[in-house]
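Two complexes follow with subunit A in common, the first pairing it with subunit B and the second with subunit C.
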Partner chain A sequence: MDNNQRFPATLQRLGVMAVPASVLGLILLIFDSLHSVQNFYHAWTFAFDYLMCLTIGCFGLMLLSNMVRAEWCRPILRIFEAGALNLAFMALCVLPIVYAAFTRHLFPWAHPSTVASDPILQSRAVWFNPLFFTIRNIVFFVVLTGIAYIIRSLALKQDLEKNVQTAKQIATMRASIAAPCFLLMVFAVTSAATDWIMSLDPHWYSTIFGFHFLIGAALCGMSFAVALATTMKLAGEGEYAQMANPKATKDWGNLMLMMTMVWAYFSISQYMIYWSGNLPLEVTFYVQRNVRTLAWFTSTLIICQFFLPFLLLLSSRLKRYARMLRNTALLIFFTRILEVAWEVIPMFHSWHGSDSGFVVQFQGGMGYLGALLFMGGIWMALFVRNIKRASLIPNLDPQILEVMEHAH
Partner chain B sequence: MSKMYAMVGEFASPEELMNAAIAVREKGYRKVEAYSPIPIEGLADVLDFDDPRLPWSVFIMGVLGCATGFGLETWTATMNYPWNVGGKPYFSWPNFIPVAYELTILFSAFTAGLGMLILNGLPRLHHPIFNTPRFERASSDLFFLAIEAKDGLFDREETAQMLQDLGAQLVSEVEK
Partner chain C sequence: MSNSLPDSSGSNHLVDPAVAGMMEGEHTYESITEKLTSIVLRQDRHGLPWWIMIGIGFVLYNVLFSVILKLLFTGIGMFGNNEPVGWGWPIINFVWWIGIGHAGTLISAFLLLMRQNWRNAINRFAEAMTIFAVVCAGIYPLLHTGRPWCAYWLFPYPNILAMWPQWRSPLLWDVFAVSTYASVSVLFWFIGLIPDFASLRDRSENILAKKTFACLCLGWRGSAEHWRRYEVASLILAGISTPLVLSVHSIISFDFSVGIVPGWHTTISPPYFVAGAVYAGFAMVIMLAVPLRKWYHLEEYITQKHMDWMAKLMLTTGLIVFYGYLMELFYSYLSGDPYEIAMMHFRQFGPYGWAYWLLICCNGVTPQLLWIPRIRRSNSALFIISVVVSIGMWLERYVIVVVSLTRDYLPSSWGYFTNTMWDALMYLGTMGQFIFLFFMFVRVMPMINVFEMRELLHKFHHGHGAHTEDATHAVEAAE
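And now, the complex of A and B:
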């Protein structure tokens, strides 16, 4: 749109690097899928769940930014918007998973002989059947993608609006659309996370799962945006050199601190309730994840997703320096990949009743990396394309417009 | 001279106060205090207000609270009065987390509140700054910059002249 500011080289590079990464990923994925088609579905589900986490994170934070009209969201709003628009791409990525609901590759509830011998799955069949699963997925993506496009177009319209009064009206409209949509998103994502991840296990269930997925998504989207914005600030690119000032980075750091604490709160609540109850149906989730190599994995997660970022983000000094905040955001962002892997991949085993854990799966599992690179690469390329379509920093704030008006 | 507390300049706007504070710091004054009815972004940085004592005591007391809660539960459940609950081991640490968490919050919140009062020297019945004319308006619409007499560079005429030059609408000598 406005080309007097040069497009940041960081984003440019990200978009260029995404292409070879996805080609490499595709090769790995095909190579791994040749062993068995099961591998393809497992790898695809893992990559889909992780990128969905990132997309929903951007989507939710975009809605939040539209509701609160705070100063901290202005520099990173376009990042959230561009991520949220990728919901359309994720709708394509869900197709193999929906297809798997009709075959017997992924979900235990889609496997006729398993259901026939399992009274629990039989009584769940009202909800978990291929047709209803497909309908839910269609509704989810149509509604959420629609919301993302509506909010984005309103924000762009307000950006170009010269009349302050009209701009104010659009701002109010954005806020009153975003608030109910945020509520809707919580319900939609709870249902979707249950479909995509929780139902991979035949029996296990958790009522906090949707919230847990959402807070993970928020962490993912926030750390992604903060890592990008601080990197651009450090390189002195575009308006980010001024926009990502200590005041903004402090707010971003505090938000990540809050999300880290909520993540820990939800995680420990779920763990403690199951540990205290000690019922066979519920504890399986943790028992599977506390054997052999996976126990190390679990400990790493607790340290890297809670203790390290929590202690780092407590320091107000760290939040003033873009470099340290960027490194913390990157730590959170990459640990999110580990957590989704930890959550999703052992699910595939619970069905087959194998307790040999993670090692076996990872030896034959270059596909996981491949799927992540392939899908993530395309996601990134589309993300950069979305960002290019509008000015990097929105000019949204009606208060700022007012100040500009008074200055004349 | 010994009864002198500070030279206080009165400013009409936060921008003027901010500019004056920057100029005064650049001249080398260190014992400078600003009074404003609203929080001014960046003023604490300009005045180099960076007291690490409060955040660190909150952190240390938080850790202590966590250790107290966890320690209390460990001691009562495993040593003082071991009791078999649902066949769980005595040292059931996941169940100790809520208490440890609550005490972390309790200790750090109390430390933050009380520490703020203590480090501010509160409660205090009177402060010499209140001898400043029109100082009651520091909580409605005026902005004050005080240069304390303790400052090494302080000079009755020079400091007053400097505040005048910086745009103070009123400069007053404030006694203890």
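And now, the complex of A and C:
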């Protein structure tokens, strides 16, 4: 197949490396889970939350690309599509978490004795109960995976279409579907993030949480796509050698800059309101994360997730050079792992009243790394398989011709 | 809508998609300048609608002066503000007006940075709207202090009164945020007007007008160096203005959310206030654009595509606001906090329930009509929806301020708020001030950016690549 002949070596390598990484991860996860079954659930939830962040990022950016049909999104659209299709895999990964809702290993609201002694958890039981939690997860994955496959099939249909007018009609149809789906996604992800992350803490809540998760996901998806596209550009592979031109990289850099600023804006808004309010149920979120090792962790996060990328991406020169942009994208992508760890892992222990749980967990377990490698490896292998199934750059797209023109 | 625009010689050019639909009809650089500057230079371009609007504005402006005069002699006790609602209409109106201004800055600054050509036809009057809205907004907190003649105490200056501002309070941040915002907005507006003042100087026949515009254009000659400096200044000011849009309304949201009052203390506040401000602002821009383009026959410049874009932006920001309402509702009940739950219940089913449900209808339900392309293409429908949104945004602030303050933690501090006639008259008065100032602006300054429209025509002829550096040619051709 012509596609295979031109398939970039970078992606081939990623696909090949994904398998041993996954096996290694599985060994580490099993080894750590032997100590305690709770370790398994904690590690699994952490890896799941991070990879959901990446998958939702790809999914949301795919919808956004279909809506705005701007120049910047066309060269990386296939990356978003391939990432979004992994929602089907993530639907399998959520099963242990759904199962945990019926056991006492993960969620405080699933622990009968804890609920019995806690009026707040009792009042939340209408929403947080195993049956409703399961239904919500099923609806979430069925609807979002369905949307991802519909949009993808329309994109492939457009690729094969010989008639330019019909191709344009399909593009318009994709845009019409994407707009309401984007709205639906925002509400669905808000609910899901509340389930998977916020409900790990028995009392804490924040109304900006959905937005905060979404912007983190967007950063994750965008930095992943940019890192991949610029790596292929640097290796001179496929159409990316031409497509990832300075104009495109500048747009990608600007988008990452904007997302970084919005992330910081949401984070500081939440922090200021809770810190000023100084109410025990709210401020404990930050108090827990400002003790001992976690204080260093918090500082690293502020520097690597905001100050460094912000200052780097302000430079228009950096955004023109693929290598520098790739390094910045990688910095953001890997710092996202730290942020999810910072957010999620202390929650596993907050309901036991232990501030040092995070430290203990990190010292004690390679399970987090194992789960991330295992799940991430399979995710990556499936991603490469998805991306192989279509041309790397959408065909017959009027905007593509424009981008190609700018490259010459 | 055709993608081709005939040039002065009558031949058709294939128009770049980036500028397609942003100007209609047949134009030359000369005809654009003539049509847009004549609104300022010729009184006959201002018909009966202008006189009616300026008349209404003048009458209401005098109402404002009368209310302020009464206030200075009586004190703010003449308003409905009292325990437990100390803020009342003055702060509701302050937040409403300041929010309206945000769309102007967004259009002029943010869209400039984003290289969006559709801003060209609407940025000038949207910036004017911003400034007049900030003027209307500023009056309220100043008078609400009770002693406006002591307002300078808000600034940290060396004194023997042992007075020092409380830096921890967002109310003080407001003073600096709003005054910076007003200063930068005026500067940005004025810088943008300089090339057009020069065109007016060159075209004025009246000697007084000529001299006035000559002073205002600061000796502009349209040289390449002038244009270069102009571009640099515009970009710097746009870079400063864009974060100001975020910061001003975020700080206003902190006025409420850093307090632990139920219904106020919510983390979604900053983005939801900013989105609400832009939402209300776009509603006002549409309310102004619809009559202006009809009365001054500007349909070729402020095209249906502009209206469509503004409607889409209004829908987007409206959805963010609606998301905010739903999150407040959802997390209040999920929180398990009895005070939050009681407040949310009181909002919906208490004595102010009518205001809450009306605001949901105005801000959440009505704008969903904008999903329908046919409605986005109807100016009457857009105008009506914009009026409904403006009412909804006022109600939103009413619900936030009044409902939360009347139901605090202590039942002994519960109460019911009723406004007085003076509250309403002052609000009407600031509307009059806005209308009067805006239509005076329409009379004495070009409401559409003349040189940017010429630049747009240049892009029509030479493609989108011909960007700002080529504006010089357009100006030279016109002069």
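Worth a mention:
Here is the rule we go by: the second predicted complex is superposed on the first by the 391 of 408 C-alpha atoms of A that agree within 3 Å, B and C clash if a C-alpha of one lies under 4 Å from a C-alpha of the other, contacts with A are read in each partner's own complex, and residues count from 1 in each chain.
One rule holds for everything that comes next: a contact is a pair of C-beta atoms (placed from the backbone, for glycine too) under 8 Å apart; a residue touches a chain by one contact, two chains touch by 3 or more.
Since this is a predicted model, take the numbers as computed values, not measurements.
Following the overlay on subunit A, a clash is recorded for the pair subunit B and subunit C. When the two complexes are overlaid on their common chain A, residue A:K247 makes contact with subunit B while staying clear of subunit C.
Annotation for subunit A, partner touching more residues between subunit B and subunit C: C.
Looking at the shared chain after the overlay, A:Q270 reaches subunit C, while subunit B stays out of its contact range. Contacts of A:N129 after superposition: neither subunit B nor subunit C is touched.
When the two structures are aligned on the shared chain, A:T298 is found in touch with neither subunit B nor subunit C.
Once the two complexes are overlaid on the shared chain, A:Q169 sits clear of subunit B and of subunit C alike. Within the superposed three-chain model, A:L279 lies in touch with subunit C and out of touch with subunit B [touch as defined at top]. Using the contact criterion defined above for the overlaid structures, shared-chain residue A:L314 touches subunit B, although it does not reach subunit C.
In the superposition on chain A, contact is made by A:Y205 with subunit C only, not with subunit B.
With chain A used to align the two structures, subunit C clashes with subunit B at 112-120, while the other stretches in 22-30, 112-120 or 148-156 stay clear.
Comparing the two interfaces of subunit A, the one with subunit B and the one with subunit C have residues 272, 276 in common. Residues 119-124, 127, 179-180, 183, 186-187, 190, 194, 203, 205-211, 265-266, 269-270, 272-274, 276-277, 279, 281 of subunit A touch subunit C in their complex.
Every residue of subunit B that touches subunit A in the complex is listed here, in rising order: 41, 55, 59, 86, 88, 94-95, 97-98.
The touching residues of subunit C, counted against subunit A in their complex, run 246, 250, 254, 257-260, 265-271, 319, 323-324, 326-328, 331, 334-337, 341, 371. Note for the complex: subunit A touches subunit B at residues 247, 268, 271-272, 275-276, 278, 314, 316.
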